[in-house]
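Same chain, two partners: chain A is paired with chain B first, then with chain C.
Now for the complex of A and B:
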């Protein structure tokens, strides 16, 4: 049994006629101890997908219209509030983007970590355990730090506290939603190293949400690329980075700046991310796709396994006619 | 911390000096003084009036009067009420106590009703409860104190459930102490409710919007994500942050209550500082006016100071130096 199985998840914002589909048929499996990256531009639905794992998207305005989220074989969408509280923290823990905003500003960090312990490991809700956790995430002089308020710490230290808090309950799955986006680059590397190290030592699975493809290569076993509420490519990380199949993934890779190269400007994907509720008919990437054909706008293509373990939502993925490289169409070219 | 308290109290001195100086100046700009009216009385000789004026230094320019007043205040003597013929201090202490009682109970009523209602409205956002609270707040904000006071008086007169104005019944001094207490409370209820009503609506709306803001905060989602129950999330994590802006309002609310008390006291015949100030002002009982204004200012400054201390106590990010 897999740790997490998301099956054909569909989620709307709003109800009835005004409903906007934010997540449209997302299926994703995470095995115990596996690291999966969820990649995509802002607004593609990756955060709401991740929050759904513990049903954390408030309903209303959100509305789960279909699918299942099996965590340890139990459907999260059918759980009672009491059961939900048990899995939140107990099975799946979260680390969010802005550590400064995710810690409650008016409570000491020791108090906040102890709160998690009290909830999930009441016998361990002691200062010693808090200090052990802070040591685990590499906070120097934890004995004096437990008395600190969040605003007395740097962003990197705050994120370590968030991670310590997430680990307090010994979860099976750690969901890290862009955990390094708000931090500066040297701290980013430290936090990512910490996550890989903890994963190795504690054997938990990680779902890492990012829009930074650079992180994917270092961290992920598998990658899911999301676009406009759908997964467009799902693949082992190494193969995806070596040979992306979906035109969107290719374009994303092409827009990553290279350290060695001669391109004098960054290539960008032409056009904009379609707004939720305003998705184009058929393939949602078609209006921005360099290899789009007229039939692409007629029917949404299926996510098909084209090679062992590699899924692509594009019938023309084999089309090598236009190899999308750094010479991808520039912004403004239509 | 203590040095901060000391510093704030020191800051009060120049403020009170300025306020008293300004009051003296403004009083001197109005023509005449308390004894001007006596000159119209043929039975009192102009010599007598001149003597009385000289006794209170009213024949001197206003800044000289001010220094005489200040000299006495430093020695703890707040001057003499020309209209009441008693020392201003004894007059003010009683009235100040009445105003304090009225404002204090109005404060308790206003906050005691507004905070739970605001929380309730925020937690049940867009429900009929929330809409009803909004309507109630809208009416509360729209009805002026004057009208509300008059309505309350009419209500008291029509039903006979409450005394019409005043702070105690005529036979107060002859009542046993338990009944004296009840008598005071009975007189206090209606003015306190009227005074609270004007403030209540604003506090409730603010509580609602502050709590809604914090409920959207990321640390609230993070708290839920750790498996905390909804009650714990709202009342510990969200409310503890939502209350901070309200503590700032607490200082303003005190100011609003004091100025509201002026109107309510005058209409509902509550013998408080506001009413005394108005009476003294119309009688040109100048020292009493200045004393009243200084007292009201002091009350206000202390109220703001208390609000600042509360905020510093509640929000660890604020350090008092």
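Now for the complex of A and C:
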């Protein structure tokens, strides 16, 4: 049995006529101890998908209209509030983007970590255990740090505290939602290094949400690329980076400047990321896609396994020009 | 003559503890920085948050007051200008901000935003001429003229950044300070704006001071690159040279810390310990020594000189050129 199985998840914001589909048929499996990256730009639905695993999106406004989220074989969408309290922190823990906003500013960090222990491991809610956790996430002099308030720590240190708090209950799955986006690159390297190390030592699975393809190569076993509420490509990470198949993944990779890059101009993707409620008909990437055909705008393509372990939501992934690096229309905006 | 010459610029902010106490501490946000920009070239400025790169950009256009030093634009000292002269000279240098949401007045239409600059500097003499100029400017940044009557909230982040660029272009500046112009944008939109800035530079010969924390972006757009740490420039070189052959250990770590898309990359990561120290009490000697993997005794006491270590390649490090060679977290690569 897989640790997590999301099956054809559909979620709206609002109901009836005003319903806006934020997640549209997402299926994703995470095995025990596996690291999966969910990549996408703002508004693609990656965060609400991840929050749904512990049903952290309030309903209403959210409205689950289809699908299942099986965590250890049990459907999260059918759980009572009591059962949800058990899995939140107990099975799934979260680390968010802004550590400064996630920590309570008026409590000492030691107390905040102990709170998580009290809920899930009451017998271990001691200072010694808190200090052990802080040591585990590499905070120097943890004995004196437990008395600190969040504002007395730097962003990187705050994120370590968040990770310590998430680990307190020994979860099976750690969901890290853009954990390094608010941090500097040298601090980002520290935190990613810490996550890899913890994963190796504790054997937990990680769902890492990011918009940075560079992080994928370093961290992920498998990667799912999301665009406008749907997964458009799902693949082992190394293979995706070596040879992306979906036109969106290709274009995204080509538009990131690379060190030692020689290209004079970047190959930009024309247009803008579609906003929720404004998704184009048919293939949602079609209006920005360099190989789009008229029929692309008629029907939403299926996510199909085209090679072992590689799924692509584009029927024309194969018979197109090898490289999508051709220059997009100059200054084309719209 | 260089278009812009910055000489020993310092910006120190007083730190007060309580309402009536006297100031006895300073944040040395920019500490003795000198450099020059030639007409039509792009100089990149990289550094982590809190290193003073934004303050440096703002001090050049006098949005914050420099504490000491000179900023010469076309040979004229900007730091000594006042009132109407400063306002008139601002035609020559403009700034584009990081946040495309906060930097446009939500109550003004695009036409008013772009036209305001034209009005202040009295650049058009009739209404039709003003209209025509605004249309031209919007077209130059890739926006249709029909957008002129709309308000900022009707645009996406990338389009707003284009409006910000059109506003800066309105006065035909010789220099634009670009303060993290793409870091708030989606990845797929970043490339559009970077290409736009390059095109405009080629057409109009504008010089840029391009401030960013992303070395790959800065390398892509700049001819020369400066690396800043705790208010000081620690390394300056041609963009290609600084990536290929970084001399300062901080630059080496910064480059190695960038996550790379290429799965075949064998690059090893140098992970710096600790955080950027407080700029109120910067460490003595070399400000980087507490995090530096190759620091020696003299690094703790002697401030390293900013010296030319190779042709046109400057670095502030006693050991410049020494490659960092350490067991670079071997656990990391295994774990992947």
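Going forward, the second predicted complex is superposed on the first by the 320 of 334 C-alpha atoms of A that agree within 3 Å, B and C clash if a C-alpha of one lies under 4 Å from a C-alpha of the other, contacts with A are read in each partner's own complex, and residues count from 1 in each chain.
Rule of thumb we're sticking to: a residue touches a chain if its C-beta (ideal position, glycine included) is under 8 Å from a C-beta of that chain, and two chains touch if they have at least 3 such contacts.
Computed from a prediction, not measured in an experiment: that's the story for all the values here.
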| item | value |
| --- | --- |
| Room on chain A for both chain B and chain C (clash or fit) | fit |
| Partner chain(s) touched by A:94 [first = chain B, second = chain C, both, neither] | first |
| Which partner, chain B or chain C, touches more chain A residues | C |
| Touched partner set for A:121, first chain B, second chain C, both or neither | neither |
| Which of chain B and chain C A:102 touches, first, second, both or neither | first |
| Touched partner set for A:81, first chain B, second chain C, both or neither | first |
| Vertex chain A; arms to chain B and chain C (CA centroids, nearest 10 degrees) | 70 |
| Chain B versus chain C as contact partner of A:10, first or second or both or neither | neither |
| CA minimum distance (chain B, chain C), superposed complexes, angstrom | 6 |
| Intersection of chain A interface sets (partners chain B, chain C) | none |
| Interface residues, chain A side, partner chain C - complex | 41-42, 154, 156-157, 184-190, 192-193, 196-197, 199-200, 211-219, 237-238, 241-242, 251-253, 255-261, 263, 265-270, 272-273, 275, 288, 330-334 |
| Residue ranges of chain A touching chain B (in the complex, touch as defined) | 51, 54, 56, 81, 84-90, 93-94, 96, 98, 101-108, 115-116, 119-120, 149, 151, 162, 165, 169 |
| Residues of chain C that touch chain A when the two form their complex | 48-49, 141-144, 156, 158-159, 162, 186-192, 194-196, 198-199, 213-217, 219-220, 243-244, 253-265, 269, 271-272, 275-276, 329, 331-332, 334-336 |
| Interfacial residue positions of chain B with respect to chain A in the complex | 217-219, 221-230, 237, 240-241, 244, 314-317 |
